[in-house]
Structures are given as structure tokens and as C-alpha cells.
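One chain, chain A, appears in both complexes that follow, with chain B as partner in the first and chain C in the second.
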Partner chain A sequence: MSIDLPALIVSAVLLAGLYATMSYGLALIYGVMKIVNLAHAGVMMWGAYAAFLLVARLGVNPFLAPLLIVPLFFGLGILLQRFVVRHVMSAPPISSLLLLFGTWLIMQNIAYLLFSGDTRTITTPYTLLTLKVAGFAISVNRLLVFVVGVVALVSLQRFLGHTYLGKAIRATAQDSAASQLVGINTDRIMEIAFGIGTALAALAGTLMALIFAFDPDFGRSHLLKSFCIVVLGGLESFVGVALGALVLALAEALSILAVMPALQDFISFAILVIVLIVMPGGLMGLIGKLKPKGVLR
Partner chain B sequence: MVKSWRFYRFMIGLALYALLAPVLAACAPAAPAAPTEIVLGAALPLTGGQAREGGYFKKGYELAIKEINDAGGIMVKEYNKKIPVKLIIYDDKSDNTTSVQLYEKLVTEDKVHALLGGYGTPLISAHTVVPEKYQVPYVNGGGATGEIYARNMKYIFGLLASIEKLAHTLMDWMAEQQDAGKLKKPVTIAVVGENSSHGKEFRKGVLDKAAAAPDRFKVVMDEPFELNLKDADPLLQKLKAANADVFLADARIADYTTIHRRYTELGLSHLIVSYGPRGTEKAARDALGAAADYIVSCNWWHPDIPTPEAKAFAEKYQKAYNERPEWFPALAYETARVMAKAIENAGTLDKTKVRDALAKTDLKPSLVVGGRVWFEANGQINNDYVMMQNLPGGKVALIYPKSVATADAIVPIPKK
Partner chain C sequence: MSKMLRSWKTWVALAGLVFLLALPFLRLAGGYLQTLAFLTFLYIILSTAWNILGGYAGQTSFGHATFYGLGAYTTAILALRGVPPLLTMPLAGLVAAFYGLLWGYPCLRLRGQYFAIATIGVGEATRLLVLNVDDLIKHSALLQGLLHRGVLTGGATGLMLPTPPDIRAYATGFYYGTMALMALALLVSWRVKNSKFGLGLFAINMDMDAAETVGVNTTRYKILALLLSAFMVGVAGSVYAQYVFYIDPQTVFGFPVSIAMVLMPTIGGIGTLVGPVLGAVVYGVVQDRILTANLDLGPIKLSLSSMHLLVYGGLLVMIVLFEPKGLVGLFRRAAGWWQRRRSRPVAAAAQ
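Entry: the complex of A and B
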């Protein structure tokens, strides 16, 4: 039995785009607010249903749907931070964990009430269409999802690196107290960061809904995968997240050469454990360590 | 006119009888007082992940109980009368722990005479310990996995044939296609199954049949895959490399959709493709479009089964709920009927005797495939499955067994 290795790698790279998109929001919120957003899974699920309503019920083009979904969830994220999360910011971490876990459960139950437990799918004009590129059959849907993921990364990097607001978010992420001293309204920055993180999670949900079937429990296993990616990437770096996503997608895909496909999740969590023990700073931490020694330039 | 002594003796006797009869009757041993109702209970997933299926089961149970009560109730010989049925249904929220607690409540607080089952292997595996512990007769129509019945429980019965049998049915049908010259012999098979007891039993069924007929079947790939698959490519690359003639899978609707979308995008094709019990679901057909055409599936019931019982149920259900029944309410309806029949056959509400009557069930005609309900020693039915094939235009044909087939199977699948 000979596996088509190049096809497997191409597919893993495309999947990495999706993995990265679903992890940016988690990394941003952790970076700025130092809380683990367990409601991330619920937002991804709601993003999927928002896309379902727009595409299946209102006939909106699936790749234009994010233009409506992203601002909507940005606003929802701000409201969530202002009226819910802010109250536990100074409490021990377990408080925010429980609060956001409860928020996720509420979101899930609302979805069950509104949409029932039925499995839903979104069929687009590109579903099942493939492009033949250099002998590889590439799914148009997956390619477009990858492109949106890359555009999100580039936009995020430019926003954080080249705008006042972006720099303020980075400053707050590095040192909240010092940021306040130089006049940054960190409360406002945290709201905006939570809004952006929520919007990114909803964007990921929208994109995932174009590929996978979903129900109100959707997002649970993706959340765990996002944790692995964020830890692998180094917790606070978007480039690290993208790298982490690529490494994880490749590891999972190539693992079938050695283990059965049912152990793909095992691979993810084995990587999580190893990274936490061996290089707690993740890939970006490792790169940072290697740079001064001249190993990496 | 002078009355004879005999006449006076008769009149005195009559007067004494009239005087003493009520006293004698009161002193005679009392016949057991009949309960005003027979209480049946069930916990179903009415909200949460399995809400859709649980809702169908509720409709099936309620339809059956309404029919029984409209006919006066269940005849119980011990009381020599028909007793109406009260059905208590709770919502287990698709949660195993809640399901167990609710079955405990049904037995200990609601004092049910018998229990009807929930839906789905995880819930049924969890809550069946309750009827067994309290020795309350229990029948379900929503749990097929053999692990439910492999625990040597005496009070648990089920109307769904095993998943291994599902796989056997697929293999028997393929053998028939070989004999008809439509499928080559031996045929190479790639089998994959979700990493659960459901998937394991499916794969075992395929492997067992292949081992028993090496001249017909050769398994070239056998793999489990993770539930809620996020990336089907590694699995499908292995499938491609296996170069099998036939692709058999056991998957839930979400995974079936994910896998078959990628299968189609990767341009894979096989002589036969099956996802076990999946295939005809509207959600999946909408998601897959023409890619779902010619997929064969194997299931416990279908409204097109050409028997008077299946037809009658489909009409009754349509009239009651204004929708075409899937297999869920049909099996729920028959489950309630089986329990009612067992109580009637036992002639008592004694739980052990009802259990014994359940073990001896031989209900026919029945709407299940094969037209008869009976239970093996482990408590599980062992009737036939019905096989279907998706046809273009959203149509479905019943293709196996011959007794219910409405069309010949299209084998091999036409290349798209």
C-alpha cells in the first residue's frame, strides 16, 4: 500500500489554514486578558449557524457571509466582555474559566432550542468542485477557506503592527499596568481585543461550516485542537499560531504512515503534553532561544 | 289453595339465601383489586444532541398507547378486564447520568409496571442497569449495539438487530450480486468504522464474513477512525492506496457527510459504496447532492416496505403527525406494542411473569422487517435488515432482501 505523500502534504497545508483561523481568537484573548476563553467553541458554533442562516435561508454568498458575521460577532464580543467577563478579570483564573464554560453551555442550549440537535450542512456552488493543480485535486471550497485564513492572518498582523489600536493591544498584552501609565485605556482595549477574538472565532466557525457538518455540539473537539495549536505556537504570537497549526496538521496527516487514523487526536494531545514539558514557550519560544546563539537568523 | 310443604321449604330457603348471601360473599376470599391504570415509563432524549430521534420515539410511543387505550386498554386475565395505560415520559437531555436518574425515579417514585427504552447506545447502555437492578421488564427499540445485550441481563429486551448482523446483511447481499454476475469474485474490500462499539461491531461483522468466504471476499484495508472527523484526508489517502473494489464504512451522519464530500472531491470511486445504516438521510443527501446517488445502506425499517403492517403504520403516522415516518417512530411504536402484548400474555402485572412473557414473545404480524418479533437468549431480536440504494432525484429503492425489494440494485455504481 503506497500513500500519495505529496497529496497528503498539500491537504495538510490547506487544513492548517483552517486550524490557524480557529486559533487566532483564542490566542488574542489569552494574550491581552490572560484568560482562557472556553466560550470560543460556542462562538465557533454560533458562527456556523449564522452562516447557515445567511447562506441556506437568505441565499447570501458563503464567502461574503463573513462580511456580515465578523462585525456582528465583534459587537457581541464587546458586549460579552463589558457585561460578563469584565467582572471576573481581577478574580482568580478559575472564576473566568467557569464563567466562560457556563457561557458556552448557555450558547449551546440556546442553539438546541433554536435549531434542534439535527446535523446541518452548508452546500455552496463550490462544494465538491475541485481544481487540478500540478496533478493534485484541490477542493475549491478548501482552497477558498485557506485563502480567507491567510488573509485573516495578514490583516491581523498588519493591524497589530501598523495601527495605533493594534499597538495599544500589543502593549496591553505585554504589560497592562505600564500601558495604563502611558495613557492607554486598557479597559477599552480589552473590550476591543475580546471583540476581535470573538469575531475571529465566528469567522472560523463560518469557514468550518463550509467543510464540515455541524450541530449545537460543534466546536468542542475544535476547541481542544485550538488549545494544542496555541500552546504549540507559544501562547501569544500569531505567527506562532500559524506555525503551530501547520506543524499539527502535518503531524496528524503524516502520522498515518505509522499509526491508524483513529489516533489523530492522540497525536494532537501527545504534542500538547510534550510541548508543555519540553518547550513551554512553544515554537516561538524555541525560535527566540535559538536566535541569539546564531542558530536562527 | 293449600300450599305443599315443599313450596314452604323452597320459600324459606330463598329468604335465607337472600338474607345471608351478602354476608357469605363478604367472607369469601377477595379477588385482587384491579389497578385503575397500567403505568409504563420511559426517559427519552427530548432535548440535547439526540433530541430529533428522541422526539420521534415519543411520537411512536404515544401513537401506540393511544391506540391501546382507544381499544379499552390491555386485557389482564388476573383481573379479567381491560386496564388503560398511563405513559410517563421524561426528558433525559441526551445525558447518560440524567437518563439513569430518571429510570430510577420511574421505578422507585412513579412505581411503573414496566419500562420502555430510550434512544441510542450510550444512553441505553447506561440506563439499562436500572431495570435489571429492580427487576422491571424493559423493551427498547433504539439500541442495536451488541454490548447492550452482552451483559447477561435478564430483564432487557431490544427490537433492533445487531450491528454485526447489519454488516453480515451487506456481505450476504454482495454475495448475491456476485452470484448474479454483477460483482467480481473474489472482491477486495476496504472497511472503516468510527472508533466506537458501533464501528467495531460493524468491522468485525465484515471481517468475520470475509474470513468465512475467502473465495468471495478479501479485506485489503481495515481501519477505525476518530469520531467527529476533522480531516478525512489521511483516511481517504489510505483508502486510495488500498485500491479496493468495495468501500464499506460505518459512520454517523456528520462523519458520513464529511468523509463522502472529501471522497468525491478526491475523485475516488468503487464498485459499491456503503456507510452502513447511513445513506438515505435528507440532510446528508442535500449536502452531498448527486455524490450520494447509488450509495447502499442497511437499516431496521423503511416506510416503503411492502407489507400491510408497514403500510398501515405509515398511514396512521402520516395522519397523526402529518409527516412520513422514519424508522425511529416505527420501532418505538412496535416496542410499546410488544410490551403491551407481553403483559396480556402474562395475564398479570407481576414483573417477573411479564419478563418471562417478553422472553417468549412471538409477535406476528409485526411491522418489523420479516414481520415477526421474537428475542434471542440475550434479549435481542435477530430479524432481517432492509437494504436501500439512493437513486438520482432524491429517490430510494429497497433492494434486499427479496421479500421487501422494490427494485434491482444498480451494481457496479455508474462512474460519474
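Entry: the complex of A and C
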């Protein structure tokens, strides 16, 4: 069996864009509220089904569907934070973990009720289209997914860096008590952050639905991958998340060379556990640690 | 003693015990009730075991299915090679505990949420490994010896155990055996709760740094709790394999198994002795009732089998929001209200 290594790397990079989109929501929510959003998996799955309804049933262009899905899930995220999650913000972390886990179970089973457990796929006019660039065959579908993901992330990054609201979100992530002191309504900021995180997860779900097959249980392995990326990236940094996504996508792609395809997911879960244990600061932490020692400049 | 005899609680417990002991002879509903009771005993063992780590020590594990699965597979693999299944039970517990040591030692250094996430990863990775281990072994000359008629775990097909000739007597034997194991599990849980070890676990749960400062060896305590928990779950897995005669990775290693072990103690009352029992009973009965029920709304026929996790998810959210101590907390609240209500007229008369 011969494997086209450059093509493998190109597709890994394209996948990394999607992975970054799916993990950044998790990182943002963790950064601002210090809670691990297990409902992330449920939101991704709902995003996928929203795309399924819009694209496969109503015939909306798959790359316009996010324009509808993102605001919708932003609202859902705000409602979730206001009526559910807010009540456990001051409780021990296990409470929020269990609460969001329960939310995930509810979302998953509503999907089972509405859509049954059948595996679904979305076929679009772009699905089988390929582009030849410099000798590589690139799937147009994956390229567009990559572009949408990157555009969303970059505009979010601009928003966080250059607007008052964005700066307030970052301030709350750094120190919520101090932010309150300087007059930031942190309750409101947390609602917005949860909304953005939820919208990003739904966007990632939508984009994933255009590439992969999905069922109501579909978010779980992607949730674990998101954790893996976020932990690799060091939980609160944007560059870190992008880097983590790239590392995971490459590791997965290259693992085909070493293990059988059925064990590909095993690789990412193993990475998750190992990274959690060995480098709690993630890649950025590792770089930071090596800098003073002069190993890296 | 006489005080105990006068309490209604003693009599209710005694009546319950007599009923459970007599159940196999009553043959209620064609033995259906016996099966339900057996499964509930098994759930109680799992729930109590999870509670030692998750409730007492406060380390939420979403990976306990690994122990259940390893226990079940240890028994099945050895039984297929001619070892009497009953003899494999302690070994099943030990294998599970060893595996617990393997991933628990590094993972338990992580705190709270990170530990929980790592356990999801461990659970999924283990399931995938068991699913594919046969193919891996086939390619390696060294490990070929592990195969028996070409299989070790049987992959997605799972493993089938031979059934005994007199299945009714066999099931009744397991009924009493599991009941005894359940009693043992509860005894262990009670002993732990009232020991120095248990106090250490509670201290870890409340504030790990403070516990360390006052001299609790937190790492050792957490690992011991995990080992104990893993051993009990492993034995329960072994019982399951012997009772059902068929196991596959999804039913014993699947994420729903881990979910069940989180749900039961949480519903009943996390960190209490009785809570996991109540939670397991509710889980067992709801599971059974809901899985078999069908709603008939004229034109719409709704199978409720897909709804059981919806119910549990809803319960979990309600419990976290309104009563973190679960059913036990609810009962305590009701009892307190009842006492206040009864004592009020007396207090008024005294004034």
C-alpha cells in the first residue's frame, strides 16, 4: 500500500481548521467561566442536524446555512447560561460538570426521538468536486469548510481584540472579580461568552455534517478530540488552540502509517490522556518552559 | 436493642429482607421479579463501588465501564479456556484493580474536572482497544499464543459462554450469591465511611490542599479508593458475564455503562451510604419499566425505549439545580419538615 504523504498532510491541515473551530468554543467557555462544557457534544450534534434539516430537507445552500444556525445557537447558549448554568457558577466544579452532562443527555435523546438513531449524511453539489492545485487533488467541500471555519475564527479573534465587548470578555477570563470592580457586568459577559461558545460548536457541527456521517451519538468522540486540542493548546490561548488542532490532525493523519484505521480514534484519546498527565500546561506551557532554559528561543 | 426493635425502620428493613430471600420461591410474575431484583443487586454493587471514589473522595469517574468490562472479559476468556467461572471472580476483580492502578496512578494527579475528562478518554480508548485487539494480536507472532480458536476478545462479535443444563437453579444460585455480594459491598462502603480512611477521603473531597496540610496522603488515599472501587466493579462484571452468557464490547465497555454508574449514586444521594442503593433501585426499575413501555396516542405510537436517558438527563439537571444530595437529601428535607410540623403545636402550647 502506498500512501501519498503530501496529500495526507494537506488534508490534515484542512481538517485542522475544522478542529480549531470545534475546540475554540470549549476553550472560550472554559476561559471565561472555568467550567468544562460537556454539553458541547450535544450542541455539535444539534448543529449537524440543523444543517441536515436546512440543507437536505429545505435545500438551502450548505455554506449559507451557518448564517441561520449561528445566531440561533447563540440565542440558545444565552438561554442555557441564563436559566441553567448560572445557578451552579459558585458551586464546586463537579456540579457544573454533572449539570452539563445531564444537558447533553437530554439533547442527545431529543435528537433520538426526532431523528431516530439512523446514520445520516449530507450530499451537496460540492461533495464530489475536486480541485487540482500544484499536482494535489483537493476536495472543494473540505476546502470550503476550512475557509468558513477560519473566517469565523479570525473574525472572532478580531472581535475579542478590538471591540469593547471583546475586551470585556477577555478581562473577565483573566480575572472576573477585578472586571466586576472596574464596572463590567460579568453575568452578562458570561452569557455572551456561553452564547459564542455554543454558536461556534454548532457551526463546527454544521461543517462536520458536510464531511462526515453523523447520528445522535456523534458528538462524543469529537468532544474528546476538542478536549485533546484544548488541553494541547493550553486551555485559554487562541494560537494554542490552532496549534493543538494542527498537531492532533497531523497525528491522526500520520497514525495511518503506523496503526490500522480502526484504531485512529484510539490515538487521539491516548494523546488526550498522556498530554493531560505529562504536560498540564499544554504545548504553550511546554514552549514557555523550554524558553528560560535556552532550549528554544 | 429494644430501641432498635421499636423503630419502624428496623421492621421495614426486616420485611424487605424476608421478601427478597423468599422471592425465588414465590415465582412472582413467572420469575420476572426475580430477574429484576437480581439486576438491581448488581446495580447496587456498581453504584456503591462508584460512590467510594466518586462520592466519598469526590473524584468523578466517567471511565468505570473499563473495570466492568475487564471483569466480564476476564471471566469469559478464562471460562472459554476451561477454568470454572466461579473461580475467576476474584481474579476478575484483581485484573480490574490492576488496570485501575495503571491509569489511575497518573490520572488521579489531575484535579476535579481534568480527572473526569481523562476518564472519558480512558474509557473510550479501552473500548476501542478491546474491539480491535484480536486483529492486533493476529499480526504478532509473539502474542499468537493468547488466541483460543482464533479469538481473544472476539472483537465486535463478542464472546459466548456455554449455558448450564438447569438454568433455573443456576439463576437462583446467582440470585442469592449476588445478594450476598451486595451485602458485602454495602458493608465495605459502611466500614470505609466510618474509618480514618473514609475521613481522609471526605477531607480530599472538601479541600484537597487542606487535607494535605493536615497530613492526609491524598495520592495514596485516592488510589486506594480507586482500587477498591475497581475491584468491586470488576467482580460485578464477572457476575454479569456468568449470568448473561454473552458479552460484547458495547454492552460492557460502552459509555452508557459508565453513565449508569455516574447516574445511580447522583440520583440517590452522592457521598452517602444509602443514596447509591436508592439510586440503583430507581435506575433498575425505571430502566425496566421504561424500556418495555409503549405510549399509544392514537395515530402516534411512541416507543419509550429511546427516552430513558432523557429521563435521567432531566433528573440529573433537576438534582444538581435543586437538591445536590439527591433522593437522600429530599427525604431528609421531608423528614425535617415533618418534625417541625409535629413539634410546632407543642412549642405553641409551652408558650
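Here are some notes:
Quick note on the criterion: the second predicted complex is superposed on the first by the 285 of 297 C-alpha atoms of A that agree within 3 Å, B and C clash if a C-alpha of one lies under 4 Å from a C-alpha of the other, contacts with A are read in each partner's own complex, and residues count from 1 in each chain.
As a convention for this text, contacts are C-beta pairs under 8 Å (C-beta built on N, C-alpha and C of every residue); 3 or more make two chains touch, one makes a residue touch a chain.
These figures come from a predicted structure and were not determined experimentally.
Partners chain B and chain C, brought together by superposition on chain A, clash.
In the superposition on chain A, A:Val88 contacts chain C only, with no contact to chain B.
In the superposed pair of complexes, A:Phe101 makes contact with chain C only, with no contact to chain B.
Once the two complexes are overlaid on the shared chain, A:Tyr112 sits against chain B and chain C alike.
Looking at the shared chain after the overlay, A:Ala12 reaches chain B, while chain C stays out of its contact range. Contact with both chain B and chain C is seen for A:Ala262 once the two complexes are overlaid on the shared chain.
Of the two partner chains, chain B and chain C are each touched by A:Ser221.
When the two complexes are overlaid on their common chain A, residue A:Leu276 makes contact with chain C while staying clear of chain B. Shared-chain residue A:Thr123: touches chain B; no touch with chain C.
Among the options 24-32, 222-230 or 258-266, the segment of chain C that ends up inside chain B in the superposed model is 24-32. In the superposition on chain A, the residues of chain A contacting both chain B and chain C are 109, 112-113, 117, 220-221, 260, 262-263, 265. Of all the residues in chain C, the ones that touch chain A in their complex are 58, 60, 103, 106-107, 109-110, 112-114, 116-118, 120-122, 124-125, 128-129, 131-132, 135-136, 255, 259, 262, 266, 306-307, 309-310, 312-317, 319-321, 324. Those residues of chain B that touch chain A in the shared complex are 47-52, 94, 192, 195, 220-221, 223-226, 228, 230-231, 233-235, 237-238, 240-242, 252-255, 257-258, 261-262, 264-267, 283-284, 286-289, 291.
Residues 1-4, 7-8, 11-12, 15, 109, 112-113, 116-123, 127-130, 137, 139, 142, 211-217, 220-222, 225, 249, 252-253, 255-256, 260-265 of chain A touch chain B in their complex. Listing the residues of chain A that touch chain C in their complex gives 35-36, 84, 87-88, 91-95, 97-99, 101-106, 108-110, 112-113, 117, 220-221, 223-224, 227-228, 231, 260, 262-263, 265-266, 269-270, 272-273, 276-277, 280.
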